[in-house]
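By written order: A, B, C and D. Residues from 1 in each chain.
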């Protein structure tokens, strides 16, 4: 695919092209926090930031999502029969998404879409209608550890276009046919531009200081890790809150509930989390993950052992560091995984 | 009597977040005071009707997200 | 700060080596700046990891709940008040608790610090007596601690522990000059129509992770009302009615018990200021019943008490 | 592309109270659309999500066998809000079925073998399906000896009495039904399932065992099989866990790397030995 140049003074024209028949979103500064919002011009979007506070997963997997509706009348010919919500009506572009977050979507693709039965159309529809334009990280922050979990500050996985900030311009790398269509008309990059991007990539990789080692986690059996003594310490301070899972780009557990209001009814899914006691509770009162330790362990085992075992070695973590930054009691995933690997 | 304290705090709290005062009522009625009960219920019904449908704390599931 | 930390370590080592307690619950230095975390020392060696700084924002009283054995807890004013609450609510016996008391210098709100460096990454914060030296990628700045205190620390009236078996360092001033009544219940000043809007604005970023509830030492119900499934009191969606129901009821459940320790706001990953709700209740409880939670062992919680002359002008 | 979260609409054809405590009821469900009925291809051991609009869904093992026609049978214990609502519904009411979900008993792979079935309490549902499938003239000849061991607390708690009586009388299978204690009017076996299994002493030669029951029964039945010389890969069990999506995404029923709803509910003991006991 082609390597193009996007001059910084041509950004507005580029963005205008993007939002002509699509909804365009980008990271913006809101109340001192970096979050996603619709943008129309280049100066509305952020171009120099570490990452958004929360992951962009809710573009594809909203925290609350209506799946179906029904007429809440028994006896009516149409009553009580579930009708799926319509699909997304406009395609979307996510601009300046970080490579770690894009990689996370590809991990989630492996879970949401597996075969004819495990084929989450809600996820899939939004994925197929969304174009991802990534912005490479030249300055990873101290909590980033993407390179140690198979991602990269300049990673291209899951992206349609990768932008690399070269100072006065961006190197725009088309990665898919969708991406090619967006940047195909831009001027071609020179050899020097690509060399500079490669240098920045190397420099960015070098700035990732801490990380996780996975070799022993990979080679050990599930039960050896499960029974390891470390969990007794990890769980001690844990609050069993949902912060780590809700800010995580790969956490994807959910609950489905019905709601009614007079003759209207809907089936909604909401994010749920394995830290919650209620999550696995049986109707009989039996709870297979009845203790805090069980629940804390589940999160780490799921990401670093269960997903890799089941999904061809793919790790359920992209090293974005959000949980490290936001955990109210500083449970640091890097430390936990290194303890698993010890 | 315990309820009196709890309701005092709850009533203040609900008014504080913007729920109309008329939506929460509290009365002492003995099981022997049928007439007071009848009158109170009628009065409360009147008050709430006058306020109209609640604007807050109502989830409209018909709304498309 | 470091001198206090050293004394805490010494006390912990002594208590553990003499076998007086099974565990010392204190704070340890976090892996990211401005984030100390609850730490459990079981051996004198582990006691070496204990620390004391401007970022000890978790309320350690939380960890005494349903914990067997003898425990020592590092407690500043608010933590000690919550320990008293728990003793008064029969959650454990005073005899099973050893309080390592310490005067709170006022804890710092890491969000206020971060807000001074928008978009920049802070890599280190060094404690100085009245200042913090903040270092980051390409910058270094000295901040006055007072200017970046957590809001609840500014208006605190109890910085010294109300109970302690051993006091570390000096007993300090109880307050820091801020008057809670000037900032409590901020929506009272608004006309009713604006109040709901203000609450929505305050809660709009809530992600229902329940970190506020889970960090709170008052919340020890076996099944919280939001987790009840039959009946389900509170919807699980992001609809404003569901979010508000959770926050209003959570605040109400803290009535007569909340010590304004600020653990909820410190824990929130979204920086939501839920004290705008709880401070209203705290204020009302003081005004109506003259009660401050957690100040005295044996005090009757105001919500399980009544007096014949309790205010009742709202009763028809 | 089908949206696999959307249930097929069905109507309740018949409701039957199954047990003396009235906590278990059976529901025969009929598809509203015949194309849905043909799409719903299942084999014994699979389950489905029963959907009651306004209340939610519950995962329930399919008790009917595809050899019985297109209607589906489910026997439901009244525990939560969905099952309570279902217990209040009547013939003609509209509800939904989503599935078939999960894997099934490895019956085709077991051709030529002897089959031992051990069921406890109302976990007998998918094993009713299995028995009907095995005893069907198209399949019976493919298998050796079939032993059906089934226990409940009291005679009044036994499900599908007419059917197992018929299996017993047909001579097509060895049927051992037991109740925990002596009871008036009961002339059959008395004793717990593990004990009865020990007495029947099924031989491991060229055989598989399908076990389904409450955890306590499984816990005590397993050693019986071990003692009789059965290997772990001959013992096949069906698990129950809280499930929601039913298609291996939502994470509730996750046990180690496996999702009970998708990779299970049927596992061999060899598989289970490598998994945490989070079920």
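Quick note on the criterion: a residue touches a chain if its C-beta (ideal position, glycine included) is under 8 Å from a C-beta of that chain, and two chains touch if they have at least 3 such contacts.
Only a predicted model underlies this, so the values are computations on that prediction, with no experimental measurement involved.
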Top chain pair, ranked by number of contacting C-beta pairs
A-D
Cα centroid separation between chain A and chain D, in whole Å?
38
From the C-alpha centre of chain C to that of chain D, how far is it in Å?
51
Can you compute the centre-to-centre distance for chain A and chain B, using the mean CA position of each chain? Integer Å is fine.
44
What is the distance in Å between the mean C-alpha positions of chain A and chain C?
32
Which residues of chain C are in contact with two or more other chains?
229, 235, 237, 239
Listed in rising order, chain B residues that touch 2 or more other chains are 59
For chain D, residue numbers touching 2 or more other chains are 80
Quick check of your reading of the touch definition: is the inter-chain graph here a line, ring, star, complete or other?
other
Every chain pair meeting the contact rule:
A-B, A-C, A-D, B-C, C-D
Chain C residues within the chain D interface of the complex
229-230
Which residues of chain D touch chain A in the complex?
1-7, 9, 32, 51-57, 79-80, 83, 93-96, 101, 215, 240-242, 244-245, 247-252, 254-258, 262, 274-279
Where on chain C is chain B touching in the complex?
185, 187-188, 192-199, 235, 237, 239, 241-242, 244-245, 248, 251-252, 255-256, 277, 280-281, 284-285, 288-289, 302-306, 310-312, 314-316
How about chain D: which of its residues touch chain C in the complex?
80-81
Which residues of chain A touch chain B in the complex?
62, 64-66, 259-261, 264-266
